[in-house]
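This is the structure I want to talk about, given as structure tokens.
Labels run A, B, C and D following the written order; every chain starts at residue 1.
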Amino acid sequence: MAYDWLQDTEPMVYESRIQVPYSWSVGDTGSRFLTEIRDHKRILGKRCEACESVYVPPRKMCPRCFVDTGPWVEVGPSGTLVAFTRVRYASELHPGHVPPTYGIIRLDGSTTGLVHLLGEVEPNALRPEMRLEPVFREPRTGHILDIAYFRPTHR
Amino acid sequence: MANRVAIVGSGQTHHRTRRLDVNGVELIYEATQRALEDTGLTMKDIDGVIIGNMDHFEGINYVDCWSIDGSGGWGKPTLKLTTGGTTGSTLAIAGYHMVASGLFDRLLVIGWEKNSESDTTAAITTAFDPVWDRSVFAGAISGLAVEASVYMHTYGATERDAARVTVRDRRHACLNPFAHLRKEVTLEEVLSSPPLADPLKLLDMCPRTDGACAVIFASEGVAERICPRPAWILGTANRHLYTYLGDADYVGLKSLRHASRELYEKVGIREPLKEIDVMELYLPYSFAGLSWIEELGLCPPGEGPRLLWDGVTDLGGELPINPSGGVISCNPIGATGLIRCAEAALQVMGKAGERQVPDVHVALSSGFGGCWWSDLVMVGSTKPA
Amino acid sequence: MMDRIAIIGVGQTRQERNKVHETFADMVFEAVQQALEHARIGIREIDNVVTASNDFWDGRTISSMAVNDACGSYDKNISTVEGDGTFAAFYGMTRILSGAYDTTLVVAHCKGSESDAKHITNAMFDPVYLRPLGLDNISTAAMQANRYMTRYGITEEQCALVSVKNHENAYRNPNAHLPMRLTVEDVLRSRLLADPIKLLDASPVSDGACALILARESAAARYTDRPVWVRGVGYAADPYHLGDRDLADCDALVAAAKRAYGMAGIADPAEEIDLVELYDAFSYQELLWTEGLGLCGRGEGGKLAASGATRTDGSIPVNPSGGLLSAHTVTVAGLVRIAEAVLQIRGEADQRQVPAVRTAVAHGVNGPCGQSHCVWVLGA
Amino acid sequence: MTQTSEPERLVMHSGDAQQPFRYAVGRYGSRFFMALRDEKRLLGIRCPRCRKVYVPPRQVCGPCFERMEELVEVASTGTLVAYTILRFSFLDPETGKQKPVPYGYGFIQLDGSDNAFQHFIEIRDEARIHIGARMRAVFRDTRRGTLGDIRHFEVLA
């Protein structure tokens, strides 16, 4: 057979998808964190008694010391902005299908940053170290988006 | 000459249908902590981490990065290996090479799975070619059913022969506190269980399990200080033969035949039935317990059933297979191959509790997965030459 | 100290936007054949194989199954690293150092054209805490860029210089996907993706494969009189949650480089390294990674780039291949960095050849915002 | 999120989330589908070294590591070498929905080829299905250049 069949073959593409449904266990530690937000609008972290780090979201273990974390501690709800970006492109994965503004927020009393959405703020007004407070969603279901977003604290 | 390597300890979760109390990272942490406790080491002593599972089983991309909190990999060399069902055994083989390289002294190797978090058959089906195989294939059960049908056709084996394998493994599992299904079943119960894919029925197949396993590999000189009787790695071999399902040779498991012959040659095994004291094999379904032991050279082709009925592979028999209860009793897939290796090591170390086989000097473990792939790891009580 | 390991051959496909005519296997076969020819070795003399791929990008659990035939692993021992090819090459090297094998073929493949990068990279993030926020590789990198630039006063112009340089370099690399002649102004005026990252600060999605062959010293001598020696390798990981680390730091890269340099006996990297091929998925990353690699002080990556030192004619050329900004093949990209470093050391880099390269560094990354890094030091 | 009681343990569901893919069929596979779609012909490819004929066509003979380019037509009839009948329901990852069962599934060695071709097998009369049975492809009238252009294989009368 002639060699050129390779050249005049129409390149086909098989359009498909992977749609396997997942049901991820949140675990006891994460469930406590999310239910406190849902039921009491309280944000909890966990402290490592070895290194004093306070993790938000709370961890069962201290990833640095590799021991179980100690007590639950209430953090925030206000905090300080560490890093941020305003997204300018569309994605069906964005909550509400609106290009979001993201921040890493160090909640008062925590030693780590929480990644979340920012709202009620012009992108040009965002500054490092800006003070932020959470806005809670109604109703709440035990989901990370029970915190709708963080907004600048108005004094 | 390469450095010698030994397994010095391991940790397993108590494997269950569903672990709602922990997320995947916390499940990994549980196994890892148990391995550290078993060896008296802390994470500071560990100089590298290898981890594996299958991405689409839990729907997590870059698991090595995601699991750092639980794997202890913060600041350490951390690597992910994935080869499907063989992942666990692939991890064990990597644990051997990486320590034998001289670059690591105490390496933590972790396999894990949360089968409860997805539809396992859907997830397995995505392992196969999207254009040619995926639309007709139905995961592991369909592939294994096809193999069973050919085995029965070729050698005249029966569903009752296969059921004997399930009965053995489920009986053994009662002795293993970590096993998932710890309840004996009878031949009749296996034969009358609901049909899945002819000739396979529910009790011919492995369950879906949540669980994790962590194993610590150490270099010569270090191993003896951690553990009085480490399990030395005598050799490893593997074969991952096919890209398309239709290329496989369904009469037997060629990958296991070839890998085992290479391994026996390396280690100097001439009569495996006599020279190997115990086997922990990745037998995901009953018929594998007949046909694959033939491929391992324990008997001529077609004579697997005879070995089973004679009790040769039962605890107390000449060559006990799966004293842990095996995969039919417990299958956290990403961990399963590593559990086989950990169990073989426990047997060599004399730490297998009620499921201990007396006087184990040489133990073989296997992994199975992919497109009829096989991995083998052999451990022993004596340092290899 | 470890035995000497050589890289005796490399091969790569062209890196392109959409290799619609080719399957994963076709790309892998091309790269492997090139590497075999380059090393003047036959497939039967390769005694084991390590592949690298990613199941999410490939849309296939056990993505390695697609390339078993094409990588020549039939009836050989084989394994698969899921992640960047630099990590796979490391495992491939240990399989020789273990004494088990003499020659390891390492091959990586990826086709970003077949999937939607936003979906694939969103799946890197924790399904409970992060994925519902809609995060992806661009939006998280943008936060890292924001933090890094804020902390050290790095400017958008300095980042833009990287893009100008690397796209220009790509003109001299026939395998690169996106050669472009740009000005700093072009980059600054390009479409904003996520502040401060603009389109021309980001890398394209590219298809391709890359292979290399590692051999122990005694075996290497049989095939080549131009072995490139592995002088040192190190890798390390940072914590997962982005808020657990300061994104302006790259502790994992510093740790990985320290291991690699320690093994190679390199005390002053800026002085002793002749060329760097690093994983610049975004322009700011080249600045940050040059700091992590110790080529300049902390916070001085911008100044280093602005000084012209990292240009092909500078004192420490970075990414004369054009880097990831000119061709981003994800899991393949780090292996391409090694392959490019090998070609430079052998003096075979044609138009992109940097004169007198004796010591080169290649770098690969796994995970969001450079969570896990692998550093190779290669030498003549 | 759903919840269970005592203690409250949350579960996060992915819902109908999916990832789209555009899998390249490649020149070899595309050639097969062109012949199937346009002419109801089945193509294999022959290895120049071992002379084996593979269906579907692909570039590399794995055992020989040889590049192949000699297309050969194989028959749309063949012999059933292995099969099963699926009786349990499972999720189809391409649709996220339950796959209808029972269905037959088998490996057919097409006349003129050396490996097996995997497809659905027609199971209305289960008694006639056995290893070694002679099978033939049943083509769809409307063909689009996918594996589904063959409806299934059925036992030859």
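Operating definition for what follows: a residue touches a chain if its C-beta (ideal position, glycine included) is under 8 Å from a C-beta of that chain, and two chains touch if they have at least 3 such contacts.
Since the model is a prediction, treat every value here as computed from it, not as a measurement.
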Pair joined by more contacting C-beta pairs (B-D or C-D): B-D
Farthest chain (mean CA position) relative to chain C: D
Inter-chain centre distance, chain A versus chain C - centres from mean C-alpha coordinates, in Å: 28
Euclidean distance of C-alpha centroids - chain C vs chain D, Å: 37
Cα-centroid distance, chain A relative to chain D, in whole angstrom: 41
Multi-chain contact residues (two or more partners), chain C: 20-21, 25, 56, 59, 68-70, 74-75, 119-120, 123, 127-128, 239-241
Sites on chain B at which at least two other chains make contact: 20-21, 23, 56, 59, 68-69, 74, 119, 122-123, 126, 130-131, 134, 241-243
Shared-contact residues (touching 2 or more other chains) in chain D: 9, 11-12, 14, 19-27, 29, 58, 62, 91, 93-94, 146
Parts of chain D lying in touch with chain B, wherever the complex brings them together: 4, 9, 11, 14, 21, 23, 25, 29, 54-56, 58, 62, 81-88, 90-94, 99, 105-107, 115-120, 131, 146-148
Chain C-touching residues of chain D, taken from the complex the two chains share: 12, 14, 19-29, 58-63, 65, 67
Partner chain A, residues of chain D touching it in the complex: 1, 3, 7-27, 29-31, 33-34, 69-71, 91, 93-96, 145-146
Chain B partner contacts - residues on chain A that touch it in the complex: 14, 16, 18, 20-30, 59-61, 63-64, 66
Chain B residues touching chain D - in the complex, by the definition given at the top: 20-21, 56, 59, 119, 121-123, 125-126, 130-139, 141-142, 145-150, 153, 194-200, 241-248, 250
